[in-house]
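In what follows, a single structure is set out as structure tokens and then discussed.
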């Protein structure tokens, strides 16, 4: 933490960056901090409650953040994957961001939880995460971290769901999506959802209706997940943001599993590795095609 | 009938004012509604293209002309795009009239200056006819109207008519480069033409509608000419959905444009937060 | 009423096909007078590369019981690679749809070349039969009820 | 009006009576996740969790559904046919709702009724009897006392239940509607008793919440109106994603959109859908110009609407202090914290160290 | 409301028999926005088209839907009819109720219902069609020919003769290609050089041909009619403008032991050299790797180790400091004629798919050579002056065994295809050999004889029946050196007997493969190629010399194994295509191309990644003050071919394929 604060303060003092985006203590646990003065670097923290993916703030559509000037951002391995995604897809230039990579031993499910990691408290995604430190960084901070407690709740849930019949799955998602109010919080928090205008907001034509009836909710989630295929960094923010508690990570994770199985692709923090949709191999498997 | 249920109206006439601006003359399908419908200059409505949605624009005809309303709109999005494809005999929806009005009654006995730019002539035209239809009640009437080019001028036939009237002083202008070979009007921006026209300001009223930048630059000219900011009126065109003060979209600070407006005096405008 | 109910279910199937291979193959099926079930409505597109999963979703929303996506065999794409992109796209989409409970049996993906009128007939007939056996896609259609 | 006693057993009986009479009963109830409760129609009293966790969403959706049909249209060769929707609704009872949620409904009556009366809202309002339940305070994000309300507030309720001795609730009957419900089910209600226990419950809860944010938010309106361009707003919403989760869970947020949805080539529906002022495109003009172009401006709008614009227009804050927005925010935006900052700037109330 | 006209065709009985056309017209007429709906016996007939034209004029139609046969049949017809009546042709579309309906169904009710659905979907689509104008592109009347073998030479000459200008790029120091290495050509046994060299000279002297030998294509930009090609001119160390080809430099060069590429390493050359005496241009190249001066410089010698050639050159043409240079040429068309290489049968192969032959000892046994080496041995201008001598000891071989299908038609070696020319040239080789060594025995191991071509079968029969070649059907399992001879272990599958022959020399007819580097060239040109690297033609039957990129054509053995007459025919065909293209001042292209809504574009460039044509460009958008707002995608209309993959890939649907916009397709689905 000391190292982090020192580097942040130095970057600000030297004028190398205008803002350091990191985490701070908030009324309800760790949350994003925007530090613009060296003396405020003391506010920065990093522990297992630093759940949020800060790469979201690098989107050029965040005009109020862009307006602060060149940014340094504290990045866990999964955040770094999102930053790599932004670079890969021409949203951010590598030289325009200073990445303060932090070694990470997993985070808790909610930033309001205590910072201790147990099988109970660890975030589902961290339970299977194998990356302890990012490879995309300008500074790498912190001590090597132990493995987080290994949990596969989510994977088991997915497996169980896939054991069911399509009709049962349809019923499951109908029930879940019945609650969806189409606030699009899942989109707004997603570091990889950065479109100038989302296809769900397109009016000519309206592919995805904005009303929150199940028909439109199905269309929305299928499309969102489709667009995330091979791009999702599994930061879990969509599900965490959902005010009605829809288990969205079951969808994103299942899609990631499929993409990995089919194309051998896992999201990485190497910006030069292209996402699998948008590229192809002439010998891609096509067992589903008659 | 709930608040959101529109009246059905038949398009009686449709005129293309410019390549992307169209005027409809509309009559109520239900004769009872036609009978009872009344509105004041400056009020607006929500016009439906069924299947696409509603769009907000002012009533462009004068309340003195009964039995129909007119509206003019520019294609800018999905709804106006769909409306523009409609023609004579087609049906549209209408909710209204909503909002406040121009104080036409107060203007009686005074000079009135009308200033408009582009499609902004639509709300002004409503007041112009309201005044001209009772011409004897008002003082001098001056109209300053400008558009980007000759092709962008709306209500061309009425402009011709006003030009011929001896009881109306009409200044027409297009921006430099927008003139046609036979253009006889002014060349320049509206604020400059207003300055040039220099209408008498004592106790006079002014109605100013057009693009925000035009309004912004014209108000100081009027002030310089000596118009009282309490007697200069304009309309705001914020995004609206309900028109009824409920949907929470159109407010500027504490003001609900759909209910407290769309007509505001220059004085009221100044008091609003600069959220334009 | 009774006649309505006893009337056998006839699935509604929307096919999205590329102009160069499958559409032409379907034309060939026509010229060859190959008889096939009349349940399929073809939407012509330049290339399978143009076919968006949104088309399929919209078709289901509008009451389709099944869909077909068909284009040129690998290496035959008129535009060199549209079918390869489509193949990846739909490989993923059908798994997402599967996860959401859209029975993959309701979707047929095929390569039908301009010379495969027979194959087109088979694709149409097999898909129709398969979807007929599954019955109407009431789950999806019920999403539209208020 | 009067006060009665209602035991849990009688309450269960009351629910059974209502259900058998065809009245819909909405209560905080179990959902698939045991940590969570939600307001939803229940099939028996067993499903209800009156003392369970705060449902993440308020019951406003039972008056203003997330999406509702305004009308249906059908195109004919020679015109359009419109079909109206019913504005009358079947009877429902909302049971065990928190006072903050219930207060919101009455606050929203103002905007739904001024000048133009929204029959869709009032249709549901009139068909509904609200039986609220005094709250013991949820967590640090509760601030109902700061907005002039409290965990035992009566506003909006037809009957207020307050936990009393043992398994009983003290039922305060507040409106003729409440009275009617009691009269129709008189056998379920007993003579009032246990007032002391109820009183101490109320006092304890009030004390607990009051310590969270000891300010008077009702006094912020003037400062807010005068400080539109204050430095505070310029940095306030850096972390805000504009996702609108706050509005979605808020009992008083009521902004909506109106959209047409074709359902085939010649017919469709017009709907009213929840919307939020936090969405980037909320105020975009047809020209593409956006008067609230950045998240800072949009967040200011949210605060101003609740604590300045609405009170100026309708005499009440558009906030009941439920704290849901802070709990729902994935980015840690915290309305009580911000109110504390504003109070400090405005000098209203006495901000304590409780807020940072 | 739109005013669509619907015209339902009976197609005589073809549609009318199974579809109730009158009902289709009636039901469509009920649709909002349909201003006119009729059925007619033959819509494509003159009176039928007149119905359309009249209705456009009289009813003020703003869209036309013809429900009839396949649009592939008559879309043009009806679009032209609309155009003639002043309706933009792209506001007219066809609903296919014949091929897709009446011909494939018998149930009249079901077919009619389907016809109504299909027509309604098109009506809804046409309501959203926009008028489109053809795209006009200027044409640069200049062609680039890549490769100076016989195909490239022929294409260049034909184009130049037809009035076009040509830039001919050859990577070797001289044009001429493989044909210049051949001794005599089948089936006529005329001298290869005798027929080729005059053509080479013609190229050199042609006023409209610019020859860039010892050059390679570096980069290609632009699109049909407007390519911009960057060409690397490799450093020869000889100033072409000064050199007069006197040959003095070669005669003084001290290193005379460099294996000659032209002679397939059977002969030697100097370090500064002209590949062969008839080379065009007749200008030497300094091979830096073999030159003492450059070898010395590479080792860091202070003083140059040699310089004799420079001293010898009377015209001061030698320039040791010369560097590669680049020229950019604007051309309107490109002909790819890069030719072939022979499969190298050694163990080391360029790709894992290809496998070599260990068992034939090629490279180890000096008297095992390939066909092209045999050509040089048999050539009068070759290293032996046309006398057949075996490489190891210069002895005249008395027994030569020729092995066919080395690599070819052998999936296990990674080459499934037939190399086409080997049967013929092996027969030729046996004849050449027997003409020179009258008592020589020529054995040929073959799998089949493929001799389809004018005079071809006669030629192989002559080799066997009149010229004494001994043909054995079968494979050879092993070659083994045994003292002075090479033991050839084979099998005669016709007799079923194993065969062992003691050979003095073995000639392998190795497979024909495309030139190395063809993939990278194809990528520069955005043209497709097959698994072996051969360039794909646009259509295997109907567009044999076009490629997947408009304006790029293909000729000769880079497309598939080709013999000389085939290559020349292809080259002339490609030249004709080029000249056809040049006959237009401007190209008119279908406007069904993609356009980007720049204000909505996020600049993620998924579109750029998927575009098969490289049509997506990055465009900087600036605000009024010149500050960069964002970088958005932009589609080059000249390059876009209209597949629409970009639109399906674009997450925000900010790019639209004209003619197949989202609105149009949405409307069609909505109507089904």
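First chain written, first letter: the chains are A, B, C, D and E, and each begins at residue 1.
Note that in this section a residue touches a chain if its C-beta (ideal position, glycine included) is under 8 Å from a C-beta of that chain, and two chains touch if they have at least 3 such contacts.
What you see is a predicted model, and the numbers here were worked out from it, not measured in a lab.
*Asks:* Give me the step distance from subunit C to subunit E, shortest route via touching chains only.
*Replies:* 1
*Asks:* Give me the set of chains touching subunit C intersected with the set touching subunit D.
*Replies:* Touches both subunit C and subunit D: A, E.
*Asks:* If you tally the C-beta contacts, which comes out ahead, D-E or A-B?
*Replies:* D-E
*Asks:* Select the chain at the greatest separation from subunit D, using centres from the mean of Cα atoms.
*Replies:* When every chain centre is compared against subunit D, the largest gap points to E.
*Asks:* Averaged over CA atoms, how far is the centre of subunit B from the centre of subunit D? Could you give it in whole Å?
*Replies:* Their C-alpha centroids are separated by 40 Å.
*Asks:* Nearest whole angstrom, what separates the Cα centre of subunit A from the Cα centre of subunit D?
*Replies:* Those two chain centres are 31 Å apart.
*Asks:* Subunit A to subunit C: how many Å between their CA centres?
*Replies:* 35
*Asks:* Averaged over CA atoms, how far is the centre of subunit A from the centre of subunit E? Could you give it in whole Å?
*Replies:* 46
*Asks:* Which subunit B residues sit where two or more other chains touch them?
*Replies:* Answer for subunit B, listing residues that touch two or more other chains: 77.
*Asks:* Which subunit E residues touch at least two other chains?
*Replies:* Residue numbers touching two or more other chains: 599, 610, 649, 662, 666-667, 670.
*Asks:* If you look at subunit D, which of its residues touch at least two other chains?
*Replies:* As it turns out, subunit D has residues touching two or more other chains at 75, 257, 259, 262, 264.
*Asks:* Which residues of subunit E touch subunit D in their complex?
*Replies:* For subunit E paired with subunit D, touching residues are 30-32, 120, 124, 599, 667, 670-671.
*Asks:* Touching residues of subunit C toward subunit A in the complex: what are they?
*Replies:* So the residues of subunit C in touch with subunit A come to 53-54, 57-58, 61, 74-75, 81, 84-85, 87-104, 108-111, 123, 126, 139-140, 143-144, 146.
*Asks:* Show which residues of subunit A lie in contact with subunit E when the two form their complex.
*Replies:* Residue list for subunit A touching subunit E: 60-61, 89-91, 194-199, 202, 204-207, 227, 274, 277-279.
*Asks:* If you look only at subunit D, which of its residues touch subunit E in the complex?
*Replies:* On the subunit D side, the touching residues are 75-77, 262, 264-266, 288.
*Asks:* Along subunit B, where are the residues that touch subunit A in the complex?
*Replies:* Touch residues, subunit B against subunit A: 77-78, 81.
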